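Look for chain A in each of the two complexes below; its partner is chain B in the first and chain C in the second.
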Partner chain A sequence: MLRYILSKLGQSLVVILLVSIIIFSIIEILPGDISATIIPEDATEAEAEAIREELGLNDSAPERYFKWLFGALHGDMGISLKTREQVAEKVMHALGITLSFTIPALLIGTLIGILLGIAASLNRGRFVDNFVSFIANVGNAAPGFWIAIMLILLFSVKLKWLPVQGYTPFFANPAKAMRQMVLPVLVLMLPTIAAITRQTRSSMLETLNQEYVRTARSKGQKESVVIFKHVLKNALTPILTMLGLRLNICFAGAMISESIFGIPGMGTVMIQSILNQDANVMLGGAVTMSIAIVLITFIIDILYGVVDPRIRVAR
Partner chain B sequence: MNNLKRTLRVIVSRPVSLFGFAILVLFVLVAIFCYQLAPYDPNEINLAESLAKPGMKHILGTDENGRDILSRIIVGSRVTLEIAIVSVFVAGSIGSVLGLVSGYFGGKVDIIIMRITDALMCIPKIALAMTLTFALGRGTFSLMVAIGLSSVPGYIRLIRGQVMKTKNNDYVQAQTIIGTNKPKVLFSEILPNCISPLIVYATTNLGGSIITESSLSFIGCGVQPPNAAWGSMVEAGFSLIRVYPYLSVYPGIAILVVVLAFNMFGDGLRDALDPRISKSL
Partner chain C sequence: MRKIGILLLISLVALASVFAGGAQESSTAQPASTEPASKYGGVLRVAQATLDYSETIGLPFMTTGTETETVFTALYDKLWTRGADGKIKLMLAESYTVSDDGLEYTFTLKKGIKFHDGSDLTAEVVAWNYNQAIAHKMFSGVSKAEAVDESTVKVVLSKPNPFFLMANSAKCGWCITSKANYDKNGEDYARRNPVGTGPFKFVSMETGKKVVLAKNENYWAVDTDGSKLPYLDGLEVSAISDPTVAAAALDNNEIEVYSGTLNKLIENLEVYGIEKFNVEKGAVPTKAQGIRFMANNRNAKLLADERLRKAIAYAIDGQAIAAAIKDGTVQYTTQVALKGAADYVNDAVVYDYNPEKAKALLKEAGYPDGFEIEINIDQTAESKRFAELYQYYLGQVGIKVKIMAYANTERNAIQDRDDTWDQLLVSGTGIVGESTNVWANCGPERKKWRNMQPFDTEPEWEALWYKVADAKSEAEGYKALQDYFRYAYDHCCIYLFMHYFADCKYSTKNVNLQLDKSGIRWLDSSIAYFTAK
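Up next is the complex of A and B:
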């Protein structure tokens, strides 16, 4: 088991390093000098030079990458070109906010998706199955930002149950924070439910045909025991592998819906950095988010190894 | 030819995929003839008719600048289709070549390509596309490149998997043994086996690209005003949602219907092109 964990950890570190190189290179191909966005127009050549020197823009690209990497390993990702804030601080704060509603959405969505998938597979071809499939298809095709707006229209504008937008830190005012959290979580949850339902349904149907399920039934095992102990336990492994990908998609969804709900998370930070042409924040933001995904995927992989011994022996 | 006929027959025989196919044909026709079909000039500002409710004169109403919503949705279909097709073409060609190379030659090349693919897959698609738009500047061209490049990893994985599966088949091994050169084996024996899954994946990817494009346009990183794009139309309507919800509702329905059609058609294609799947589940 220890070998399995170490090899997974090694892989994760390689991926993190590659992610940072890829994002750094993409930002590097930006046409024009990034210092143009930060140097005031009326600055003298000497002042401009001083700013370039301060930001290290005179070094070559690989040099700057290694400087950045060295800094990042010590928790320093440079300063924002626009606001002069510490990027690491800004980005970590935003990441916390984004995680605070993506993780609940992922967990609740997965749970509901599994239950719906079970219901659909046990009623294959009947109304429940068709209805669940229809909802899953629509949930897959509707863009998240539009679902968000439709939910706002229904729950905030028409029914006036929930606030349209806004963000309150949980400990400042738990009741208000929870109310503001409902819609963002719901928006991220729906596509998760759609995908997990589909996966659960097909992997349940596959497992239901296995010999050991027939054996369990023929020895007179109660149907509920067959379903939950024999079928579900085996059907769940492919779903666990999907979680990393779903987290990634939840993050992407969060980035868009944050701008709708006025949540100051990663999405808001990244959009601002595009509008401000703020390369440091862009780099820090994209890398931090990807690291978060790699680390959570790492944890899922470890859980996967715990649940399914075949995995940890095979590699 | 026989394959094409069979594929068409399977699609036509299932109401869901036929429905998806019909909508797609309609969508493509509308996109091609958008300027002839639009009842009004989509970008013409007419403040006298600002925010007209849907009715006889403007079927889907007008926005705050008095521009006809229906005309903007019709004209927006073209940029939607263009971006989707170009980005899927970019992603499909780059991804397929890398996937073929990675799967067929294996070894160090494979390790390098797959590690980079793994890394790319850890960056959320929207974040990767945003980073690329950041570097390339905002606009239609960079949208195509950004969405295309951010879809590449999916194709690499798909094609690589397919190649690995085919590579060990006896008829491929036989070609290698009788000394056929590697490129020939790759193109005449292995590539044909990748075509069906590639077409199915690309079809659903077209729908996915439309969602990514509209999301980027929605946050202002996509198609730039005053040009109409469905995503930015939803965004423009959002600030007026309390009084004029239809501004956001209709363009969103257009996205939903087209993406749904791509998915339905894609499901039909999968069943038609891969008989093993349609029989089992």
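Up next is the complex of A and C:
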């Protein structure tokens, strides 16, 4: 198991490094001169040159990358070209906000999806199965942006149950923070429920027909034990795979949610940095997000081993 | 199965309790008392598309933006600004003088003004602010600032600039922040905890999303009756990028005013079931929009020919375009400057819509069937909207337009790719009346640091450009600017078809707000107040 973990860790580091190189390269080949967004329009040549020198824009690309990498390894991702604040601090703060609603959305969505998937698989061909499948298909097909607007119109405008937008730090006002988080979490949760429901149903149906399930029933075990101990546990592996994929989709969806609901998370930071052509924030933000995704994927990989001992032994 | 059902039921109950956890937050806005005469009270909640510069909210000397940023005008004052009439208006300064060589501006500060933290506004503090901005390369052409005495500060320019005050009247970098706060608490703290002398003081902030301000009880300014300002108890400014969400927030009473373009949404409001809102009309426009043929490049293949440029002017019906935009946010004009401003040209030639004349000119110039040309725009929705309208009108006379949208940095590169550049540039100027900016950008001496080629302009127009550059006084400068733009308008080097309100104020149907109609500060929070229903 230790070998397995170390191997996965090594792979993760390589992935992060490659991501940083790719993103840096993409930023480099973007058209236009980044300094034009920073240097005041009426600056003289000497003033402009001084700014370029200060921000390291005169260095070559490899030089800038390695300087950045060295700094990043020491926790310093440079400063924002636009605002001169520390990128690492800015990005970590924003990431925390994004995770505060994407992780709950992912976990709750997964839990509900599993439960609905189980219900559908146990009632195959009946109304419950058809209804759940229909909901899952709609959830899969509907774009996140549309879901967000519809939820706002229903819960905020028509019913006036929830605020339209806004963000409050949890410890500043927990009740307000939770009410503001309901819609953003729902927006991310619904497609997750749809995807996990379909996957769970499919995995469960496949596993339900296995001989050991028949054996367990014939031994007189309770149905709940059969379902949760034997069937679900063996059906979990593809669900975990889906969970890993959903994580990336959740982060992408978070950008939309943050934009619509006014949440100052990673999505907001990234969009602003792109609009401002703030290369340092773009790079720092993208690498930080990739680290977060790689780390969580790494945890999921470990969970494979926990859920299925055969994977541990095989590795 | 039963356990699953119970689990689901518990989840639903938990969810319902969150939904039902209190009615919708009541509005924190409290309109003024029922007595019609009272203007005092209430918290105004404003939303705008973005909250730019909130990351440097506490350090205006590191902020490159202009004062249309609502939060900055609420927190800070400057020594001077631009009034609603387009003229210079003194704020923290009570007077100023200019040296004979035009290099030194000496300001005398008003007495007794304090920052939100109780520290005094002194010349030393002002000089420190300006020198910080100079060190951060926020200003150009300014060498230093020095405190002459307790209440006199001198700003020294590196070269004379007759438009110095006007050109810098809107920049956030000239806002004055508390040195005591910076010295005591350090830059990182000061960045996020702004302290100014403005009508409102800082309460809290979510960077990029929301800023909460409270009334400054000791604000120095008074209204025309001598009553204290501001009228409002507080101001909350938040960022809502999506107009649908903004409309919902207005309807849900979460905000009172939205600053942004809702024009497309207004047409669809019935679809969403949201009632129409008050649209602030008659405000001074905040942006100018039109086609600029940059700098009259003599080497351009097509547009060096004045007949073709005039054909373009005759082909576009600016009045129809302005009228067609239903939300009333656009007014037709043909000049960068506002009517009545010092740089407005009263006797400029106006090329009214006349497609027949346009076709005649095309034929005379050897293009009876028209020609193809590119319109270069930035990536804003407004520019695209106008460009499409221009494309339609030009197409009617045979000029086929290809619209190309570029990021701002890319546009600069494209403009300079070779000196035969033949493009129409659709763009807006940031603040109406900043014709000095347009003048600088059209000049024969482009800023070399951008690796830009100098434009090869017609000798006569070039000479007029230099007359502006060499002006020694403001009066001389504006006279020269008028001559420069007269030539530009007469010979179609620059066209302008409308001014528009980049920021439209939409307020909820049950609240009327008195807003300042300044082109600089659409919301002058120091004089805004609620009126009775």
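Keep in mind that, in the parts below, the second predicted complex is superposed on the first by the 315 of 315 C-alpha atoms of A that agree within 3 Å, B and C clash if a C-alpha of one lies under 4 Å from a C-alpha of the other, contacts with A are read in each partner's own complex, and residues count from 1 in each chain.
Here, contacts are C-beta pairs under 8 Å (C-beta built on N, C-alpha and C of every residue); 3 or more make two chains touch, one makes a residue touch a chain.
The structure displayed is predicted, hence computed values, not measured ones.
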Partner chain(s) touched by A:V15 [first = chain B, second = chain C, both, neither]: first
Partner chain in contact with A:I152 - chain B first, chain C second, else both or neither: both
First, second, both or neither for A:V182, with chain B first and chain C second: second
Partner chain(s) touched by A:R84 [first = chain B, second = chain C, both, neither]: second
Partner chain in contact with A:S259 - chain B first, chain C second, else both or neither: both
Which superposed partner A:I300 touches (first chain B, second chain C, both, neither): neither
Chain C-contacting residues of chain A that also contact chain B: 31, 149, 152-153, 157, 259-260, 277
Residues of chain B touching chain A in the complex: 115-116, 118-128, 130-138, 207, 211, 214-215, 218-221, 231, 234-235, 238, 241-242, 245, 248-249, 252, 255-256, 259-260, 263-264, 281
Complex contacts: residues of chain A adjacent to chain C: 31-34, 36-37, 39-45, 47-51, 80, 82-85, 90, 112, 115, 118-119, 122, 149, 152-153, 155-158, 160-169, 175-176, 178-179, 182, 223-224, 259-264, 268-269, 272, 277
Parts of chain A lying in touch with chain B, wherever the complex brings them together: 11, 14-15, 18-19, 22-23, 26-31, 137-138, 140-146, 149-150, 152-153, 157, 202, 205-206, 245, 248-249, 251-252, 255-256, 259-260, 267, 270-271, 273-275, 277, 279, 282, 285-286, 289-290, 293-294, 297
Residue numbers on chain C that touch chain A, as the complex places them: 1, 3-4, 7-8, 11, 15, 18-25, 50, 55-56, 62, 64, 136-141, 167, 191, 206-210, 238-242, 244-245, 248-249, 251-252, 254, 272-274, 406-413, 437, 440-441, 447-451
